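In structure tokens below, several structures.
Each of the two complexes below includes chain A, the first together with chain B, the second together with chain C.
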Partner chain A sequence: MKKTLLFFLAAMIALSAVFAGGSSESSAAAPAAEKKNEITVVYLDEKPWHDQADEFTAATGIKVNYINVPFPELRQRSLTSFLSQDSHFDVIHLRSDYVHEFASKEFLEPLDDLLTAEEKAAYNKTSLDNLSFGGHLYGLPRYYWLWQFNYNTQILKEAGVEKIPETWDELIAITPQIKAAGHEVMIAGLDDEIITYMFYVLLNCEGTTLIDEKGMPVCNNEAGARALDTLKRLVDSEAISKHSFEIHGSNPASDMFCQGDFAFCFASPATYSLAMNPASSRIVGMVETAVVPKGSVGSASWNEPAGLGIPYNAPNKEGAIEYIKFCTTAEQQKKVAMQICRVSTHPEVNSDPEILAKYPQFSSINNQLEYPSGIVNSIHAMEVLDTTAELLHKHLDGTLNTADTLKAIEKALTEIAQQ
Partner chain B sequence: MKTDIKQFLRKDHTRSLFLAPALIFIALFILYPLLSSVVLALSDITFPRGVLTTKFSGFKNFAKILKQEIFWTCVKNTVVFVICRITGTFVMGLIVAMIVVRAKGIMSHILKTLFLVPWALSDVVNGTMWDWMYNGKYGIINEILLKLHLIDQYQPWLSMGKTALWAIIFADVWKSVPFVSLMYLAALTNVDRNLYEAAEIDGAGVVQRFFSVTIPSIKPIIVITTVIQSMWALKVFDLIWVLTKGGPANSTMTLAVLAYRESFMYTRIGSGAAIAYMLCLLTLIFIVSTLSLSRLGGNED
Partner chain C sequence: MIDRKTSRKIGSAAETVATVLVMLYLVFPVLWMMLSSIKNPVDLFSTPPNIIPHKIVLSNYFAVLSDPKFLNAVKNSFIVAAATTVCSLMLGTLSGYVFARYRFRGKNILMVGIMATQMMPFVIILIPLFIVMRKMHMIDTYQGMILAYMTFSVPYAIVMLNAFFKSIPFDLEEAAQIDGCSRFKAMTKVLLPLSLPGLTSTGIFVFISAWNHYIYATVLSEAVTSTFPIRMQMYMAEERVIYEHMYPAAILGTLPILLIVLIFQKNIIEGLTAGGVKG
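What follows is the complex of A and B.
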């Protein structure tokens, strides 16, 4: 009995060593058999995307297996499929930071050879650059997730504010007036790493940015100091509501804005539509949109250019590229914009009369897009965002002063870039 | 050789056959992952085109994480979390058990059922519920504290570095108390009543009887629950992830959350495995300390 048990144990240890790390490289999984007439798409459970998939099937005969995944899980789901060599997905959602991260690890199929020069020319060059890495294109743009500056006209009237603030300093200056009227000033979803987005916006407003194209920090300078000071003053004066640090992203910020307690909301363009919907808003007819307040140099916003891409091990790449081309045309982007208020990457769609009639807030979008609006483009984007957020919180709670915070950010981001 | 095989086949292998399924399960789901993660912790892991490539790097991953400030922040947070959970569940669990043990008839059944409700919730549900309760704009905890004049305005408990960890500990202790109180209840019902009578006759008061009779009688159960609670507390992940994801500014980041972040968010699987092993080491330290301290009182059980 003892011998049997010992033999069994020894066999398991030996097998574990062989499978776990006996060889320095695991062999790649054999590619799955190509599925000519169907593709698998993974994205959000929203009607316009499902409608698009159905339209594509009707137009091409290619069946779309649509997998619903909540937005916070999209990146992780894609990453898990890459790491497990699962050849299940043909089309995945991409943001420009995902492109850097995934393309650097060769997880994505370059699209350069799958598109003609004419097809590429149909897209806005900036939007293509956002989805490129190392000189290759990895995704086609589907929409912009651009933050806009919305305000509640009723609250500003009650507070006696006649002029919409055009700079962050002006916003801080009217904060006591708004608070005296019993309201809070600005809500934005700044939980976790999203506070770095706010810092990014303020850096752009001062004419600088967080990291360069090589991932090296460039914010430890006078402009960076001004941006950091502005952030601290916005938080200390409660121009940015402390509730902003409890909520993650645009959607919950828009929800809170629509309850009527906040004068301003810095969130996606869908805020306006939500505010105009009597089913979800207490401030119907009281919302307008302005250009994001400026810093010393100009305005800026946060923008997550979203697109569609193809995993390196997709079973049906031909079907996938057809789907991507179909979904990202100006016509399809206009349909989506009309349904769920997504900012198109085609400027002509954003200024289309039909769109403007339904969503007046789109009138400032092309103007806002003239100013810097971007995302942290780094192969270590998540770590850059998390690390910067940690140091920003230390600055905001008084643990680090401005100079030390910028030095710490520079040191930490340099280490990350040099990994 | 043939004779050996024949002899082997003639033997009765019933015991081995009955044990085999459990051994296979342990080998597949415990031994294999354990040994694999040793290899991962001692390697540089990369994924060119999704192909897992391991290159032996010795203790480089361990050396790297030991130099990082965030690792020591997580160790501190983890130790605080565990100590507070053990203390909180001990105190509250004992109070609840002593209330229930004195209840009679239907009241006893009602109390036992009510006190088990928190334990029946999943960690994610528990986390979501407390997230709503702690909300700085609409949360009921703020409303209660405001009405009791303990605060003068609503606070965002989970987004302030100085309160976030305590808020999570409170939510965790609330959920963990029922299991501990159940264990103590079972122990208390088995304490010999004669000991209390004898102590009373000797002139011992309520407090003296509690410390001289009750605690020594249930000490083995206290040790067992402390060991179990520390093991569970060390690996807590769901509650922290749902409530704060380790923020703000890593004030609620524990070793388990850090291991997850390194492995699955940053895809630094070698580092993540190394952190997981450091967590195992910390678990061992806690268990050995608890068992050693329990032996100081002279109880060898």
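What follows is the complex of A and C.
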């Protein structure tokens, strides 16, 4: 019996070795990555980023171990490695809200001492501020994910709309005209917490915002009331299509816009390129972009600044900062913009003639970037978005009036900030 | 007053209608996925929706099949799922036999402990597992993935096989032992052949579970051992969800499971219904 059991044990170990034999190169990579001529980068599985990593290796001799992660898992992947206090990642993707979340827990390496003043000066100050927390810089900007105001020229022509609305009131005013022509007005994916994005934009259009740097609410004022009223009027008049509340985020909004039923679409910069592709669009050649409609003070937009940062326990920080500096130059950002239509954080790239020839929608981007744009930056970002969204829905369905909604938002966000 | 024959006919018709409706509810999403996999991307969001595609497009299948990353992901899933199944069945058989045939102190508590692991969400041990695998340099290795998957598949196999073995009378093994078989030989020559339906159904469920498993793969696999569920998630790009590749990939990735279930369906049904009738 003993011999038989021993035989079984040996067989199992042998089987495991046989099945596992094919991937020993990766297990060897872990200690190898700690050498100074290798870094591990975690990002999306897209050709331009892989090409960039290869170019970096060719330029510096530092090997890049590139780990592909699905887009929805980027934050979770970094967070798991931080919480386990054991990471072999040298470079990770950051968004401005991730900076607040991770830097507040000391998961990120400050870059202040890793960059000279001259190197910092090469970047747009706003883009650096987006990736800073507590007075320290934690990431270098790679691109903007700036929502744009796209419109369907054919639908506007059919509806007899000659002037593109420049304010939210003008958009509401032309809504009956567009609906009379048998079309919907504006699509934006506002399901769940995304409605807070729209409110955030409207607050900025009125010269205020949702929360300050400490996370305390600052929207319970006249400007906040105007923003909330504008949101309600947009929804009640169906200037914001009711279908907007059935979809989550800008990606499905772009897909729906490309079917040709909506006059306007407030969504990511990829919308225009999607709309010009015959395989994915019924409105090829019928799309233009404009600056987002203004409120009393000006325009605004939703913008998710993306960058690269270094985990606090990265094995090769020197290599990591070299990689980050390499990937975020104007030249590299232009290459990426040309390949996959990413909005650069260097204004000169967005107005480059080559870029404009390929992506005409970039003509309005630098104009848009002159107005406030950003996201809710807080160490409790998700909670802030969800809580505000819940109260906004109560206002939109008539449960709470404007004053009560703003008071409720102020109370709830104060409690969150004081956690 | 309806007579008995008519009443039976009405009952039978109602049963058929109800069955068809339930089947439609269950099958429609899969049918929609199949039909969407052969549509142009622009037709995926048509209003009103087009159930039947205007034009059949197969280029997306070719695009997915010619993607080496997809094929690699399917291969990795197969290796990990197969190895997990083999190891789980081996351990499950031995452990299940012990629980079914032996009496020892702490047996019930141990069984409750094993069953309790089935009730825990996978995410509970995600970070400790990551730490252990990292320390053992097993991140992005088949061994690491298999060991991680065995944390949920072995307890399942033990519980299932314990139940199957209990349903087979010990008298048969006893008779074999009287005839000169050792305990182990009686198990392998008498018990296991009779437990084939149970082994098959347990094995298939373990395989499916390992094939579809996502959460451990997100942290334990990287460049080399990326599995099919991770590959599917890659189609959710930053700009848009690449539906026109996602649907064909989902169909193609499901085919191995479908084939296995079709081949072993008789054993699965026998295994699921074993013990249902006392004989």
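Keep in mind that, in the parts below, the second predicted complex is superposed on the first by the 386 of 419 C-alpha atoms of A that agree within 3 Å, B and C clash if a C-alpha of one lies under 4 Å from a C-alpha of the other, contacts with A are read in each partner's own complex, and residues count from 1 in each chain.
In this text, a residue touches a chain if its C-beta (ideal position, glycine included) is under 8 Å from a C-beta of that chain, and two chains touch if they have at least 3 such contacts.
Just so it is clear, the model here is predicted, and its values are computed rather than measured.
Q: Considering only touches as defined above, state whether A:Gln418 meets chain B (first), chain C (second), both or neither.
A: neither
Q: Is A:Ser281 in contact with chain B, with chain C, with both, or with neither (first, second, both, neither)?
A: The second partner, chain C, only.
Q: Would you check which partner chain A:Lys105 touches, where first means chain B only, second means chain C only, and both and neither mean what they say?
A: Only chain B; A:Lys105 stays clear of chain C.
Q: Answer with first, second, both or neither: which of chain B and chain C does A:Thr116 touch in the superposed model?
A: Touch partners of A:Thr116: none, neither chain B nor chain C.
Q: Quick check on the superposed pair: does A:Gln76 touch chain B, chain C, both, or neither? Answer first, second, both or neither.
A: Both: A:Gln76 reaches chain B and chain C.
Q: With the two complexes superposed on chain A, say which partner A:Asn313 touches: chain B (first), chain C (second), both, or neither.
A: In the superposition, A:Asn313 touches chain B alone.
Q: Between chain B (first) and chain C (second), which does A:Met256 come into contact with in this model arrangement: first, second, both, or neither?
A: Both partners, chain B and chain C.
Q: Does any part of chain A touch chain B in one structure and chain C in the other, and if so which residues?
A: In chain A, positions 1, 4, 8, 12, 15-16, 19-20, 24-27, 76, 80, 83-85, 256, 261 sit in both the chain B and chain C interfaces.
Q: Would you tell me which residues of chain B are touching chain A in their complex?
A: Touch list, chain B to chain A: 13, 15-16, 19, 23, 27, 31-32, 35-36, 38-40, 43, 46-56, 135-137, 156, 158-159, 161, 245, 247-250, 261, 264-267.
Q: Along chain C, where are the residues that touch chain A in the complex?
A: 40-42, 44-47, 69, 79, 82-83, 86-87, 90-91, 94, 126-127, 130-131, 134-135, 137-143, 146, 182-184, 218-219, 222-226, 230, 233-234, 236-241, 244
Q: Under the touch definition given earlier, write down the residues of chain A that touch chain B in their complex.
A: It comes out as residues 1, 4-5, 8, 12-13, 15-17, 19-21, 24-28, 76, 79-80, 82-85, 105-107, 191-192, 242-243, 245-246, 256, 261, 312-313, 380, 382-383, 386, 389-391, 393-394, 397.
Q: In the complex of these two chains, what residues of chain A are touching chain C?
A: The contact residues of chain A facing chain C are 1, 4, 8, 12, 15-16, 19-20, 22-27, 29-31, 44-46, 65-68, 70-73, 76-77, 80-81, 83-86, 88, 145, 251-252, 254-256, 258-259, 261, 268, 270, 274, 278-282, 340.
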